[in-house]
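You will see two complexes here that share chain A, one where it goes with chain B and one where it goes with chain C.
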Partner chain A sequence: MKEKPVKGERRVFMTGNEVCAWAALAADADIMFGYPITPQTDIMQYWTRLAPKYGKKFLQTEDEISAGFTTLGAVIAGKRAFSATTGPGNVLFQEPMSMAEMMRIPVVLIIPMRGGPSTATVIYSQQEVTMTAFGGNGEGFRVVYSTAGHQDLYDYTIKAFNTAWKYRFPTFVLSDGYQGKMRESLTIYDPAERGIEMVKAEPMLGLPGIPGVDRPTRHLRNTYNTEEELYEVVMQIARDFEKAAPEIVEWQDFDTDSEMDVLILAHGVVSRAAQGALPLLKNEGIKAGHFRPITLRPMPEEQMRAAAARANRVVVVESAYGQFLKLVKETLYGMDKPIDAILRPGVGITAEEIVAEIKERR
Partner chain B sequence: MYYNSSAHWGLKWDMRIVEAFIGEYASGKSENAINRALELLRQNRQVTIVDLDTVEPFYTLRPLKKKLEQLGLRVIAWDPAETTGLGEAGSLINQQMIWALRNEGDIILDIGYGAHGARILNLVEGAQDDPDLRLLVVVNIARPMTASVEDIVQYVQGLGTVHGLINNSHLGNETTLDIIQDGAVMVTEAARILQLPVIYTAVAREFAHLIGPHDKAGNPVKIIELFMHEAYW
Partner chain C sequence: MAVRIVLAGEGGQGVQVIANILAEAAYAEGKEAVYIPNFGVEQRGGVSIAFVQIDDKRIDSPKFPKADIVVALSNRAVDRTRQYVDERTTFVYDDSLVAAAEIHEDVIGIQAVEADPRSQRQTEAVDDSKQRKTVRLPESAGTIIPLSANDIAKKELHPRVFNVMILGAVLKATGVVSVEQVKAALEARLGGKFAKNPELRDLNYRALERGMGLVEHVGVN
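Let's turn to the complex of A and B:
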């Protein structure tokens, strides 16, 4: 038995990408597959520095398509495997992630978003929301946690493994280039000591006994002969996803208990700017609240609608040109609520900028 | 007296000082390199500071280049504008960096993080046989890779030749006197095992009166000014 990488609880100072590697270790992940791409590469680098010490493994594949499929292969073989990528790498990952949706293979993918479209910047954006939540040629049967700092990265990377393995949907930890490179303190802990039990990773194929005699036959399929056959399968996945959704959704709200002039909707690191904007708006005499979905898929629909119902208007703030806005519009459909948006594709947003925009558009 | 001189090495005033600061991400190597360069400058010495961090385009000296030049340092670093358009290929070593050790006066090298960071010295002309070059490892015990005596020893051994350790233990805005003092004890013990000196414990000004001129383990305390929060582009 190898030594546990994280014992007890400890206050530490590091970059977000390092946090992801430590969290995967604490979650007792067995192996990482990956292909380098900025700003994700540090996750791989740190994993490869740490992995040998704790009996963990790593394989660098020839590209991200391969990284995705090898990860799935290891999961099928019973390993708690994961990967990390971003931008154009995330595009290539969509094919294996679609297969995971169809075959119900649990998998964890960490995505520190970079600028887009295409190669764009290596720095930061929130432009991978649509692709991460709904990419591939499927229906978006995925779980997406959008993190807002290092404690989140640690907590939700660990949680992602359990969500994926419990519900058997691909699970994404959506970070961004800022969080990946940013340094801040957080508490790292051994999940077991906090009563978090890791769902066991077991082989999906090659089980002992004769299939159909000693145990049911297990047939992992991503191809079907008839439309009706496919329809049944997809509808079953949809029902499973909808059933799991209320157990998976997570959110945070700030000052949303009473009537508001404006409700700021933001996710990920932009939520930190929104949180910072609240006291500044208060000083300006504007009664503002903030709702942050932590899961972008499934979306905490009821909760967001309840918060929006208490506001005169809603302002969506994101570092993309309307990807989160689209999800908000879908969520608030049918409500008589003006929706405004501050859209800054590929650039950061400060609390002061949010305040200025809200005052100007009042 | 807080630590403020080159007395540690027994250096004479006319000796050339060449120091390389190595450490993990967020250990504080750049802060310590800048403070050392400015300290020498205040002694009316000619000082060149060199950014050899080829890992990151930010959280390095690059965005601070102009400011440090205005303070009187000679700075060898890319100007962020020079690497605009290079995207992720913008982390390069240039001729000035390769020949950095041939400059007159004192030379302070700010090295990229980790064991790979130290290897950048293979690309610097004369680094292998420069008699004056001293490698100083900046240690922050809030970094999990250097969080115990054993980890620090292993980490430093992996870097090759090293001449001294600096305790720069901190938790960013959440830094406490305890973490600084715990760091002092651990780094001192690691240094004893490694048979290396602890050069000093670095603290931000607000901790100066709390800790006094020596840390718990008897090492001199050096007050550093913080620059890196401005190191965004």
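Let's turn to the complex of A and C:
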């Protein structure tokens, strides 16, 4: 019996990137593949420091395309493998992630978002929402958790492994440079002690027995000869994704039970500013609520629409120039509801700034 | 309400270390703390900024518009941190490192460096690399506290404990965590070095206390 990296429950004070490494260990991940890029590199560094103690492995590849494909290779071989990247690295990851969508290869990718477009900043943004949810030449058959702090990073990194392996869609944990680099407190725990059972990682190829005799043949394909053949496959993935969506969606709401002047929509770390803005707005005599989708893909549509229905207007707040706003518009389509937005691409947002903007636009 | 602290200096002055120690001490005391470094693409050089928030409840966004206390340890750090200062802010700077302009450059239309009497006392040829430019301190600050921590550290203690003196000053000015807890955090971080050389512990404690002694009033505005 291997020694467990996390035993019982423990209150700790660490950076978000370190949290991700601990969470992957707690989730019993076998191996990480990666290529360094700020602000993700610390995840690799913490993993390489911790992993050997628990019989886990690491491989630094020549670039992110390779990191993506080697991760998929390990998964096909039956390993619970994962990677982490950001920014331009996330761009390169799109090809392997597309293949994972097509071949239904479960994979976990952690993304502490940095500024964009291109090299931009190594600091912070929420500008990788579109790419993470819909990147690659596919249909966005992916699960994206957007975290708002270190407890989330721990909880959802562990959960991402189970979501990926249960539903067999690439699963992403969206963090950001702030969360990656900042230190705050959280509780780490052994998932088993909280009744969380890790879905088993099993080989997808090279199974025992003669194919077609002892067991059905297994043919993993990402290439098809005819339009009709491809259509059938993609439509099956779409049906599976839509069926799984209600089981996967997660959200949080704050003060949304009664009628509101304004509903603030925000995800990730910006949700913390929105939460901080609520009491300040109340002091100003503005009835405000906040809805935070935890899954950006699939989106908790029903729940967001229900919250928006109780508000006179909605305000979208994000550290990007309308990436989350697009998802909101799609979700609220057909509702007669004014949508306003506070867009700060690549820049952090504070509670005070949200309050000032909402007061000004009243 | 969270106590919000900005610490800024040149790379190597140790602002990230003292920000970490402050946050660790607060966490150990059972408070909520968020520490975040501001980092750029530079590998070295550039202004290093640390943001610390300490509160009894969970802290919302990791950055904030205005700080309760801003500590700036170089001319460039003064410029970079100006945006976090308002009338509620206690602004601390090291006057042995930062030369404040005595006359507002915009008013009389000459360069601050010329307006600074110290520049006129210059007898040797001006060496650009050594030339100390002056900066305008943030006039809006509620309180401005000059410290000579760098000079004192050099003369009385050791240049390397300069940052611990600054930590002492911040501790006294904010009253946000106890001295004992900060000492425990220093121990946790430097315990190995202290064990090898007990004099280092004494030196750090003296620096902490000397720094505290530089600030008169306890508590931020």
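The definition used in the following text is that the second predicted complex is superposed on the first by the 362 of 362 C-alpha atoms of A that agree within 3 Å, B and C clash if a C-alpha of one lies under 4 Å from a C-alpha of the other, contacts with A are read in each partner's own complex, and residues count from 1 in each chain.
As a convention for this text, a contact is a pair of C-beta atoms (placed from the backbone, for glycine too) under 8 Å apart; a residue touches a chain by one contact, two chains touch by 3 or more.
For clarity, every value in this text was computed on a predicted model and none was experimentally measured.
With both complexes brought onto chain A, simultaneous placement of chain B and chain C is prevented by a clash. Of the two partner chains placed around the shared chain by superposition, chain B and chain C are both touched by A:E184. Touch criterion met: A:R10 reaches chain B, while chain C stays clear of it.
By the document's definition of touching, neither partner reaches A:Q60: not chain B, not chain C. In the overlay built on the shared chain, the residue A:I349 is in contact with chain C alone; chain B does not reach it.
In the superposition on chain A, contact of A:N222 is made with neither chain B nor chain C. More residues of chain A are in touch with C than with the other of chain B and chain C.
Once the two complexes are laid over each other on the shared chain, residue contacts for A:R272 go to chain C alone; chain B is not touched.
When both complexes are overlaid on chain A, the residue A:R49 reaches chain B alone and has no touch with chain C. Of the two partner chains placed by the overlay, only chain B lies in contact with A:E18; chain C stays clear of it. Of 115-123, 133-141 or 187-195, the segment of chain B running into chain C after the two structures are fitted on chain A is 133-141.
In the superposition on chain A, the residues of chain A touched by chain B in one structure and by chain C in the other are 13, 38, 121-122, 181, 183-185. Residue ranges on chain A touching chain B, taken from their complex, read 6, 10-15, 18, 22, 38, 49-50, 119, 121-122, 181, 183-185, 188. In the complex of the two chains, the chain B residues touching chain A come out as 25-26, 56, 58-59, 87-88, 114, 140, 142-145, 147, 170-174, 179.
Put simply, chain C touches chain A in their complex at residues 20, 23-24, 27, 32-41, 59-65. Remark: chain A residues 13, 38-39, 121-123, 178-179, 181-185, 269-270, 272-273, 275-276, 348-353 touch chain C in the complex.
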